[in-house]
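Next come two complexes, and both contain chain A; in the first it sits with chain B, in the second with chain C.
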Partner chain A sequence: MTAPGTPVQGVTLYSFTRAFHGRRYTFEELVREVARRGLGPGLELVGFQSIKGFPDVDPGFVTRFRSLIDETGLVPTCLSANADAGLRRDRMLTDDELVDYMRPQIAVARELGFPVVRVQISLTPDDMERLLPVAEQYGVRLGLEIHSHQHPRHPRIQALLERYEKLGSPLLGFVPDWGASLRAVPSTLLRKYREAGYDEDLLTGLEELWREHHAEGPPMTEPQHGRWFGQVVELAHRHGAGDRAIEMAVNITGLFGHAPASDWADVLPWAVHTHGKFYEIDADGDEPSVPVRELIGLWVGSGYSGAISSEWEGFHWNDWDDPFEVVAGEQALIRASAAASGSRVIVDPAEARRLVGLPGGRNI
Partner chain B sequence: MATDDTVLTEDSLTLRPGGLAVALKVPWYRSLWLSSVSDIAVTVDGERVPRDELRVELGDRTYHVGELKDQWDTLWFIQDRLQVVVPRERPPAEGQEVDVEVAVELRLPYMQIAPMTYVTNHATNRRTLTAR
Partner chain C sequence: MPEQIIEPGTLAARGDRVRLSVRMPWYRALPLSSVADVRWTVDGAQVPHDSITWTVDGRTHRLDDLPARHDLWWYVLDSAELEGDLPALDDRAEHQVSVTLSLYIPYITTDLGVLRIEEKDAKTMPLTVTRKGGAT
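And now, the complex of A and B:
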């Protein structure tokens, strides 16, 4: 029997997008605020969000970032990279170009002291195999994010899993994102649509469609997902929400995934990091749309001792809640859930560093 | 991302010789290559400005809106502003209030839904701004 895992508490700065985008914090101020509020020790960044000029990062930034980490005691966990295969308008990047596009992002992760690089579904099993020597060169792990509308049993994810098993390298894995396993449409989104003046029939219709899709189960093919997308667009048009139809379809069919929590079991042994995606915390301290307790039970039960970044995505529409407070709320829920599963969450920086820190520290 | 309210800020409108400039924030959660910008439309006091008359500035470079699609090696950082320069026959006076609406159309280069088809984001933001 696997010993219970002890996940490491952390946060991604993505949760604070609105504050950073609105220039209420500089990057350094935001990192200090995270530390001051005890939302670490794990710290995740989106390279293309937090770092100007990314992935061309000047040595001055590297020095400043390292002293910021020393000062705050935070532990770098994951640098989120992007696989911009559609960078050019005339054609998609070739496999060679996409591998070359990822390389400097992986190199920067090592320079900044991140042990894991989140990569995205644009990368095929062949691309991941070609990136393995790059991961080996820099001594970092690559985690392909399993993000709604993908899910653990999706053929593309299964193909990656098969390749990982064949290659057998500890440097290739997944970053599960809990957004693939919702149990309800977040109420804050419905509140936002209601406040924007959309009629109740539309809101009810959106929820009904989501529940129908939920009963069907997570989409196994792109045409199936395309059909769902079309249903939401059609419903939105019928209710005069034409200019918002695409956004509604992206939210309903793209963000709020349908995978049963138990589907994660296959891929959890390959999880190198986790996105603790969530949307809202209710008065009882629970997350009504994400089954956090059940997910943590699985994570702990599988022996997972990597980092879980609290990833609040409610900011897309929720401009009234304090992002720091909702993140603290999810972290309390995660700690309580781990305790209920007979384990605990690591909040001590030294323990966190031992579990998820870059092996050999930051010296290359 | 419901980004409509994030494009313009209170200090977005500045006076330029022969017109004005509107400062835009990228309506997405991360920096994007300029090639991700499919279109920018500006309406001033209810009058749509012809696209060909707009000039877009980022750093020390200037583009036509139609040229942005080719700029796949220039990054629009999330905390930086694009300045859209709008010629006006009668520019507003300093301190004058102007009704400004902008629409930004993005194509997200990492969110492919079919070959050469990507998720888009359309953000429209209308505000009464004071010319500075």
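And now, the complex of A and C:
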């Protein structure tokens, strides 16, 4: 029997996008605020969000970031990189170009002290195999994010899993994102649409479509997902919401995934980091749209002792809640869920550092 | 976050040109090749598409030149300054400004191609007028 895991508490600065974008906090102020409020010790960044010029990062930034980490006692967990296959307008990047595009982003993780790099679904099993020597060179683990509308049983994820098993390297893995396993459409999004004046029939229709898709199960093919997307677009047009149709379709079919929580069991042994995606915390301290308790039960039960970054994505529409408070709310729920599962969440920086590790490659 | 596109108080006219600062309705830096389209009206009148220029990091581009610039970036905290031919405006203190930005999201690709989003913002603000040749 696997010993219960002790996940490390943390947060991604992505949760505070609205405060950062609104220029209410600088990058340094955000990091200090995370530490001051005890929302770490784990700290995750999106490179292209937090660092101007990324992945071309000047040595001054590296020095300043490392001092900030020393000062705050936070523990770098994951640097989120982007696999921008659609960078060009004339064509998609070739596999060679995409692999080269990832290389400097992985190198920066090492310089900044991040042990894990989040990469994305545009990378194929062959691309991941070609990136393994890069991961080895810089001593970091690469985690391909399993993000709605993909999910653990999706053929592309299964193909990656098969390749990982063949290669057997601890440096290749996944970053599960809980957004692939919702149980309801977030009520805050419906509230926002209601306030924007959309009629109740449209809101009911969006929820009904989501539940129909939920009953079908997570999409196994792109045409299936495309059909769902088209259904939402058509519904929005029918209710005079054509100008928001794409946004509604992206939200309903792209963000709120349908995978049963138990589907994660196959890939959890390969999880190198986790995105604790969530949208809202209710008056009882629960997350009505993400089954956090059930997910934590699985994570702990599988022996997972990596970091879980609280990732609040409600900011896309929710401009009334305090992002720091909602993150604290999810973290309290995660801690209570771990305790209910017979384990605990790590909040001590030294223990956290020991569990998530540091980059440690050769020849640097 | 479409409501953050138009920066309040940045509508300015100088000679026959009009300017406005806009923010990105997305959370991470995007290549300039991601800027698919810009539609801009003042008091309901279209700022002519061909007349619009786009300035970030001190470099000015025509809209038609953006698709090829996957080597240059628009950072999330930076304003992009739009400039275009000033349409005939109503004579009033506050003007209605609208901007629609279409953006490609380069890491979200489907069978239908790269995801393209469209976000619209509209705000009311005064127009700051500077005489041509005067200080800005």
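To be clear about the criterion, the second predicted complex is superposed on the first by the 358 of 364 C-alpha atoms of A that agree within 3 Å, B and C clash if a C-alpha of one lies under 4 Å from a C-alpha of the other, contacts with A are read in each partner's own complex, and residues count from 1 in each chain.
Keep in mind that, in the parts below, a residue touches a chain if its C-beta (ideal position, glycine included) is under 8 Å from a C-beta of that chain, and two chains touch if they have at least 3 such contacts.
A quick note: this is a predicted structure, and the numbers were derived from the prediction, not measured.
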Combined model on chain A where chain B meets chain C, clash or fit: clash
First, second, both or neither for A:P223, with chain B first and chain C second: second
Touched partner set for A:K192, first chain B, second chain C, both or neither: first
Chain A positions touched by chain B in one structure and by chain C in the second: 14, 17-18, 20-23, 46, 48-49, 52-54, 82-89, 92, 120, 122, 222, 226, 243, 246-247, 250, 254, 315-316, 319
Contact footprint of chain B on chain A as seen in their complex: 14, 17-18, 20-23, 46, 48-49, 52-54, 82-89, 91-92, 120, 122, 192, 222, 226, 243, 246-247, 250, 254, 315-317, 319
Residues on chain B engaged by chain A in the complex (per definition of touch): 1-2, 5-6, 9, 25, 29-33, 35, 69-70, 72, 75, 77-80, 107-110, 112-116, 118-122, 124
Chain A contact footprint on chain C (complex, rising order): 1, 3-4, 23-24, 27-29, 31, 33, 67-68, 70, 73, 75-78, 104-120
Contact footprint of chain C on chain A as seen in their complex: 14, 17-18, 20-23, 46, 48-49, 52-54, 82-89, 92, 120, 122, 222-223, 225-226, 243, 246-247, 250, 254, 315-316, 319
